[in-house]
Each structure stands twice: as structure tokens, then as C-alpha cells.
Amino acid sequence: MKVSARNLIPGKIKSITNGMVSSEVVIEIAPGVAITSVITKHSVEDMGLKEGEAVKAMVKASSVMLVTD
Amino acid sequence: MKVSARNLIPGKIKSITNGMVSSEVVIEIAPGVAITSVITKHSVEDMGLKEGEAVKAMVKASSVMLVTD
Amino acid sequence: MKVSARNLIPGKIKSITNGMVSSEVVIEIAPGVAITSVITKHSVEDMGLKEGEAVKAMVKASSVMLVTD
Amino acid sequence: MKVSARNLIPGKIKSITNGMVSSEVVIEIAPGVAITSVITKHSVEDMGLKEGEAVKAMVKASSVMLVTD
Amino acid sequence: MKVSARNLIPGKIKSITNGMVSSEVVIEIAPGVAITSVITKHSVEDMGLKEGEAVKAMVKASSVMLVTD
Amino acid sequence: MKVSARNLIPGKIKSITNGMVSSEVVIEIAPGVAITSVITKHSVEDMGLKEGEAVKAMVKASSVMLVTD
């Protein structure tokens, strides 16, 4: 399977917080470095996501902004 | 300055490709690991972005999807 | 600090509605004109956002659509 | 016609820059205050957008971030 | 009314799940084919959305990714 | 491979328009019904996309808005 989204960052699920519709999933991509994702609770359930599981964070290039000091 | 976007990943600009409206900026966040961003060429010019410069990639949590094998 | 997002609109927080994961924050940008934002509740807490506070709404240009009558 | 996008900000087209695929459209929403939009060139053509024309900038609430000083 | 978003897919509301801030609305676009949308609960209320109602799913072209096997 | 994005709509590539940074890819999902995607030209090249090829359009639920008459 190939995906056009250019950013796929591997990590491990650190925490899952479920709301009624949305869930916040925090992925540790390096010691002390985390990426936060908000997806539907239905996706968390359908994918069977669990803390400690290996996942990739996927981001479309047009959703990435840049910041300088 | 504080920003609600939960993901700020530090890196260094590896390449900039300018189109007429959009620019693709590739940021190296670890050896061999890159994040691609598409922003306006006007932002590249206004920020004075250059290859080798330190930047942060910024992503809103609701733009992050998850993938498992 | 410089940001590639081209739209930064100053206003004042009119209301905050917290869900379990997401929060809706309404910002008044002119008398009777408001912008609605949905961010994570964690961002609301980390930024210490409060009604009446001055904030800027930030939007990436590629997230802006146009409508005509 | 009703739209779920919560943000509809009226303005006037100040400039249009066409690329091969994308176009940057700048909308003046108040004297000296502008919103930048990137849409497809096909949309600019199909809508027949022209400088000086009245339009509304439309933004989904989940695309709005917040910034404080 | 004309909209720059290039994707407008007609369907019928199959289900609405309300959270405190966000709502998940599932739209059947063909027998057995559904599109899921997450919008604010305020939009669901303001539009008076109900199961069985005819709606269009609207997506900006820059939010569409591609996948191949 | 499992993806959190809830919308995967199968179709066939009808046309590809390449800019310098972005490409517009139109996917026919039913006779006379098309979905337009804007992705990077690099993704078009890396995936080797060609007219007539079978692909799926992928959209995150939070990128889907609703419209009623």
C-alpha cells in the first residue's frame, strides 16, 4: 500500500484519552518527544489501538507549518 | 508566544523547492528522517527561509492520522 | 517568533466550551463578528485561556475557502 | 444554502496570483486587514473570481488555531 | 452561491453521534458506501440536521490524499 | 495496513495536472462523479500515478463539511 501523505513518523502509543466522538492519542517518537493526534473514537476502536502499540503518525505536507525563533 | 498547535518538531531545512504560489520545504528532524511541508512562496520569502536554517515543523493535532501495519 | 501561517486575526475570547477531548473557543474579532476555533482541551489548559483574554486566531492559507453569492 | 463551516468572513478580493495548479487569493476584510487563501486555479476560473469582487472567506472551526503573546 | 471547495458529494444522513463539542455525522452516498464527517455540535444544531435528511459532503481538494494497493 | 482516516473512496484517475510543487489529480468515483485531490508532485512521481489507474481517495473525517439547500 502506498500513500500520498509525505510524512509517516514511527512511534509508540503513550496515552489514549477518549471523548464521546473524538479521541486524543499521544505517540512517543523519541525519548521525551511526542506527537499528539486527534482522531475519531470509532477509529481508535476499529483499529484496536492500545497503549504501548507501535504506530505511525501520518501528516499531509499541506498541513505542516513552519516556525522560526 | 504560546500556540495551541500541539506539535512543534525541531529540525533543519534540507531543501526548498519554489513553485509560483506554493513552496515545498523539507526539514530534517533526525539523521535520515525528514518532514515535508507545503507553504506559500510568500511565507518562504517573508520568513527569509534558507537551507541549513533551524526551524520547527508545526502541526495541529487534528491534522495527524495514525497508521498501523 | 515567525510563523508561516499567513492569517493571524486578533480578537478577544468570548466563550470556551470544554468537551472531554476538544474545546470550542469563540473569539470576537470585531463588534458582532466572531471566529470559532476547535482545539484540544489540553491546549486550552496549557495556554491557560480565559474568557475576555486577547488572542489571535491563526489559519493556514490552504485551509481558507472562498464563497460568492 | 447552509454550510457547517462556522467561519464566514466577508471581504473584497485584493489580489489573485495564479500558479499552474494553485492560486493565492488575498481578501481584504477591513482596512489594512487581509486574509490569504490558497485554492485551485480551477476554482478561481470556475467561480470567475476577479479583483475587487465581494467574497466570503470560509474556514472550518477545526482549522483555526490560537496564539497568545 | 458558489464555493471554491471542489468536492460536493450528495448523500443522506445515516447517523448523528453528539459529543459535548463535536458531532460525528455519517452520510450514505451510495448503497453501502458512507462518508464520515466530524463537525461542531453547534453546526448540527444550527443546521437542524436530522437522520434521513439529504445533505452534501464538502471537501477542499487539498484535504484529499491518494492511496494505491 | 490500517489507517485512522475514515473515508476511503475507490475510483480511477481521470487526469493529472502537474505544477512545480503541487499536482491536481481528478479521480472518477462513479460515472460523471469526480473527486479532486491536490497533492505534491513528488507524491505523484513516487507513487508512479498514471491516468486510468485505480486509486482510493482518502479523507480525514475532520476535513469533511456538510452543506444543505
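Note that the chains take the letters A, B, C, D, E and F in the order they are written out, and that residue 1 is the start of every chain.
One rule holds in what follows: a contact is a pair of C-beta atoms (placed from the backbone, for glycine too) under 8 Å apart; a residue touches a chain by one contact, two chains touch by 3 or more.
Owing to the predicted nature of the structure, the values given are computational and were not obtained by experimental measurement.
The equivalent interface to A-B, defined as the listed pair sharing over half of its contact pairs by residue number with it, is E-F out of E-F, D-E or A-E. For the pairs D-F and E-F, the larger set of C-beta contacts lies at E-F.
With centres defined as mean CA coordinates, subunit C is found 23 Å away from subunit A.
Separating the centre of subunit C from that of subunit F, both taken as means of CA atoms, is a distance of 29 Å. Separating the centre of subunit B from that of subunit C, both taken as means of CA atoms, is a distance of 22 Å. Within subunit F, the positions touching two or more other chains are listed as 1-6, 19-20, 22, 24, 36-40, 42-43, 47, 58, 60-63, 65-69. Contacts from subunit D toward subunit B in the complex involve residues 17-20, 22-24, 36, 38, 62-63, 65-69.
Against subunit B, in their complex, subunit A makes its touches with residues 3, 5-9, 24-25, 27, 30, 33, 35-39, 43, 47, 49, 53-69. Of all residues in subunit E, those touching subunit C in their complex are 1-5, 19-22, 40, 42, 60, 62.
Partner subunit F is touched in their complex by these residues of subunit A: 1-6, 37-40, 42-44, 46-47, 58, 60-62.
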